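To keep things simple, chains are lettered A, B, C and D as they appear, and every chain counts its residues starting from 1.
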Amino acid sequence: MVVVLRPGTSQEKIEHLTRWLEEKQLIVREYQGGEQCVLGLIGDTAGIDVDMIRSLDIVESVSETREPFKAPNRAMHPDDTVISTFPGGPKIGGGHFALIAGPCSVESREQLFYIADKIQAAGANFIRGGAFKPRTSPYDFQGLGAEGLELLLQVKKETGLPIVTELMDIRSIELFQEVDVIQVGARNTQNYDLLRELGKLQNPILLKRGLAGTIKELLMSAEYIMASGNENVILCERGIRTYESAYTRNTLDLSAVPVLKNLTHLPVVVDPSHGTGRADLVPAMALAAAAAGADGLMIEVHNDPPRALSDGAQSLTPEQFAELAPKIFKVREAVQTCK
Amino acid sequence: MVVVLRPGTSQEKIEHLTRWLEEKQLIVREYQGGEQCVLGLIGDTAGIDVDMIRSLDIVESVSETREPFKAPNRAMHPDDTVISTFPGGPKIGGGHFALIAGPCSVESREQLFYIADKIQAAGANFIRGGAFKPRTSPYDFQGLGAEGLELLLQVKKETGLPIVTELMDIRSIELFQEVDVIQVGARNTQNYDLLRELGKLQNPILLKRGLAGTIKELLMSAEYIMASGNENVILCERGIRTYESAYTRNTLDLSAVPVLKNLTHLPVVVDPSHGTGRADLVPAMALAAAAAGADGLMIEVHNDPPRALSDGAQSLTPEQFAELAPKIFKVREAVQTCK
Amino acid sequence: MVVVLRPGTSQEKIEHLTRWLEEKQLIVREYQGGEQCVLGLIGDTAGIDVDMIRSLDIVESVSETREPFKAPNRAMHPDDTVISTFPGGPKIGGGHFALIAGPCSVESREQLFYIADKIQAAGANFIRGGAFKPRTSPYDFQGLGAEGLELLLQVKKETGLPIVTELMDIRSIELFQEVDVIQVGARNTQNYDLLRELGKLQNPILLKRGLAGTIKELLMSAEYIMASGNENVILCERGIRTYESAYTRNTLDLSAVPVLKNLTHLPVVVDPSHGTGRADLVPAMALAAAAAGADGLMIEVHNDPPRALSDGAQSLTPEQFAELAPKIFKVREAVQTCK
Amino acid sequence: MVVVLRPGTSQEKIEHLTRWLEEKQLIVREYQGGEQCVLGLIGDTAGIDVDMIRSLDIVESVSETREPFKAPNRAMHPDDTVISTFPGGPKIGGGHFALIAGPCSVESREQLFYIADKIQAAGANFIRGGAFKPRTSPYDFQGLGAEGLELLLQVKKETGLPIVTELMDIRSIELFQEVDVIQVGARNTQNYDLLRELGKLQNPILLKRGLAGTIKELLMSAEYIMASGNENVILCERGIRTYESAYTRNTLDLSAVPVLKNLTHLPVVVDPSHGTGRADLVPAMALAAAAAGADGLMIEVHNDPPRALSDGAQSLTPEQFAELAPKIFKVREAVQTCK
């Protein structure tokens, strides 16, 4: 970290600040230029409140020379992380592509098995489905709960597809022990107590970017999970909140894919369904995400979108998904073979 | 709710949609104009997925004629809600003004009692202080926890100031039974399981707007608490995330004050400390909030901001607070006497 | 347009509003439901101030049933518009792909001819270059002006590449008569006097989305040009302003591509250079844009990016561009052949 | 400016960069710390492309130690600028408060004189009115043009109120010679050619913040005018574009008032009419702006808002304005007397 002091700062004040920083176990180097003094801080600056230093009278600016996240940092771990599910099951990252599909909510055994069959035939290698649903209104359908989870485990048994499903309440963590990939939704990205508990498991965690979360916050939330012991974190771009809301529910930030691939070794998945909120935009955005280098896609598929109990507006039909999947593979191939 | 169909929609499709809506217990009135058919829906439309209807081929637009929130709606409850703390204690709303001050984090007994003394002398009628702190980094100070809560209860006993403190983890709800006002932080505004649990208590809840939350989402989160039985909800504007971040941490949305006062009967409090992230902007924004009609203010005060263990950058000193408080009262008076 | 009135509105007030609307040459149909009255407006509602009607006491909501833009509307013109440059020159739209490349600013004859040679060899079919540059600071390099334009016309003569260059000042419009594609920059997207003047020409206009412009505003600005007589408008997505600015200068909104392709018949080009502000993100975003269905790409290429007089940070080297171009064609092929 | 290099950068590369910077007439000081090399740049860094340096392989971060704007910088000019209109006319800044009111558009002689009379009686000391109007749709009312300007000059003659009106087209600048305060609208804040021309006049310029403009961009635009010779610039906060658009058209950023008062010596005016887009929010936001320390307010007043030819939704009636004005003065007094 580099702290630039205002011109004319007295030597006494410089020494006072230096002592305070040294108390924090940092080595402080003082550089005197023609008109300014600069302090270079060496050591572990993670515990320093940058905003506070920035607010001091004598400080002109503070420059953080290191990213604040550690465990997810590619600098610490240059190779891509490859995340496994069960033995022999599909993997994510380092060239392994996850095509995750399924209904927003698990509604019934029939529905789930029907969709599972269709998406598997089309090329999906994971199934998603919500058992516990976060809904903006307390009066909306909140999911089948434990019964939904049970149906997912059954469909996994029958099809061999690993399941991806969302955990909302820290108290229901035990129910999720056999879940292959536990999803943390956009409203819980900064629910730190939940992240810490998930860090005690070894199940892969699919961590969604917050509703209006920054890339740095996403990586800091990954740090919470990893710092507690679970390194199996998958990051998910799912659209951010911007002023443009007339034609899309969120703005899918696909530049987050190459940015993240550069900053971190963790796999990056894109959810074009929530990312746009509109089924007719999903195919174009799924192909774009594949072209941008995503390690996976998560796409909502519903047998009867207009009757879906949640998020019907953004679900593809099984037929639309079957048409899209081969295009996704073809785009991936085009991007890879010419690398 | 009014559903406008595309010109040329076949009568068969109109009937199909009408039947589907009637299955949802709605009365559907069909209006035929020169070039368009409009369906008016009468009844409880809360369970209808508007986005889904909007996405149908035959639908041109959907117009929601009612706000989706009920319990907080001023239409249901024209008078301002007045929220009480303990018998004889200060109230909030309906003309009762809450001046809440105190440190971001409770750091020690000495610190807390010193600040309590100072802010009470200056005119504060509530004390705030964090015992459990949500921090972006897992390596930052996370608060004193239960010990901090205990210190807050002691300071209340000695000063008579009701306490405001944040609950983060649903599992620690029992520790908060004697807390006068339980704060839900911006990262938990849509932690619906937590909101439902808080709805089972009767303690007043200070609900912060999400980091990038809409006004409607804030009211829907209040609905979660109220629908579970607790009507003592205080809303808090604390700055929203915008593209402008060079000079302020958040953009304090003061227009939310008159908007909320119009939409809801619940009291509205403003937090200019988090809302700007900079101590030097707090006085101007506190006065502006008072002029805009806020029912209260929540201001961070720390005895030694540069050494504060969290958010030092935005804390006032006790002296700065003592200078600000009488101006706040004077502005309130100016606004009220000329009404 | 459908106007939903508040329950209980008196018949007198309904008639008053109806008369006022009829004065505007609209046919008003009144629909009475159980609890509400709805007015359907038939005719040309383009001149109605929707916000004003929305603000009336008796109005609950207004639903616009038609997009406010006309000339760019695909409903009026179902086939893709194909825009031509000079006879025998490249086209844009309707399957014709524009790969536009070149330096941010024209700096010298040598630089321009060198880059032109390189990009043409790599597959570019248009050359871009700024002669007049909008710079945030009055002290930054503002372009070579008329001399730069002259160099562009020379390079066109030698290479046969049509040129794309930005017009800033309405007073210099005469200088641009021989420019193949006149660019309107993001800061001028709503400079209506300029748009009207450009509407009097027949040169193709590349219209960039505003810095924080909505899709609707972009189409309304296209309307200004088209309403004045010039139908040769190319739309350009170039990144929007969001809260995420730590890792990208703008957020490239690729979902705008399928949204626009659906709403309008005009060609849609993407500028990943300004859209991200970082050269290392340009390849991934260029491929993503091609996969999303863009009709063209505009990419900055500079022989020596660190010494570029403007926007060096986002320019590719000719070598990087030569590596990228074939991948772009391959992705386009992958997307098209599987359609 | 301070440039922090990546650990392990070779001495050769450091020297190469140093030489390049020295070519730009900068003095470069090299500071070697335990793990990093830092370059301090002394001299005029205004011409350096910070983003370009930031993008170099060997650079970890760049810290700008000086604000990029000069003429508006309070550091250069500690006292508030006071801007005069005609001799004996009202002033703005340095304690002089401008209460600017009037219709969005000048519609007729009668309308203008009627409103002028009412607002002057209520305490306004400037009259505003649009003669040339920027409208999103080419089919909307675009103002009376030169005839409207003429009416404004007449009303000034009769009432003595200085006039504030918007200039859109650089070619009509001559028509504005007698205008007391020339307004630059939010869509033209970065129309640099226009700003340069206005810099050649001496009329005060009211410069609105861009639709989604940053505070820094606003000050850089002021720099354009001042660098061309006109120091009479008034800054105007008019709401910014955010994701919250359900209840307000823009988000009025009142924290910009104290931020600007700190950064610059220029007067700062607030426009709560455009800033909220809703007449019912204007009084609360006008009072809040006064409390926040604004040097003036610009408020739309119309004799018959529902029939206004533009922006009727946000206009107060003369009666509402007459009720509001004394409250504004009272809040100002409250804030000042207790300073």
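The rule is short, and it goes like this: a residue touches a chain if its C-beta (ideal position, glycine included) is under 8 Å from a C-beta of that chain, and two chains touch if they have at least 3 such contacts.
Note that the structure is a prediction, hence the values are computed from the model and not measured.
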Chain located farthest away, centre of chain C as origin (C-alpha): B
Listed pair (A-C, B-C or C-D) duplicating the A-D contact set, over half by residue number: B-C
CA centroid of chain A to CA centroid of chain B, Å: 27
Mean-CA-position distance for chain C and chain B (Å): 39
Intercentroid distance (Cα basis), chain D paired with chain B, Å: 31
Residues of chain A touching at least two other chains: 212, 241-243, 280
Residue ranges of chain A in contact with chain D within the complex: 2, 4, 27, 29, 31, 33-36, 38, 40, 42, 60-65, 212, 241-243, 245
Contact set on chain C toward chain D in their complex: 20, 46-47, 49, 51-52, 54-56, 68, 134-141, 168-171, 187-188, 190-193, 196, 210-213, 217, 220, 223-224, 227-228, 241, 249, 277-279, 305-308, 310-314
Of chain A, residues touching chain C in the complex: 212, 214-216, 240, 242-244, 246-248, 251-255, 257-259, 262-263, 275-276, 280-281, 284-285, 287-293, 326-327, 330-331, 333-335, 337-339
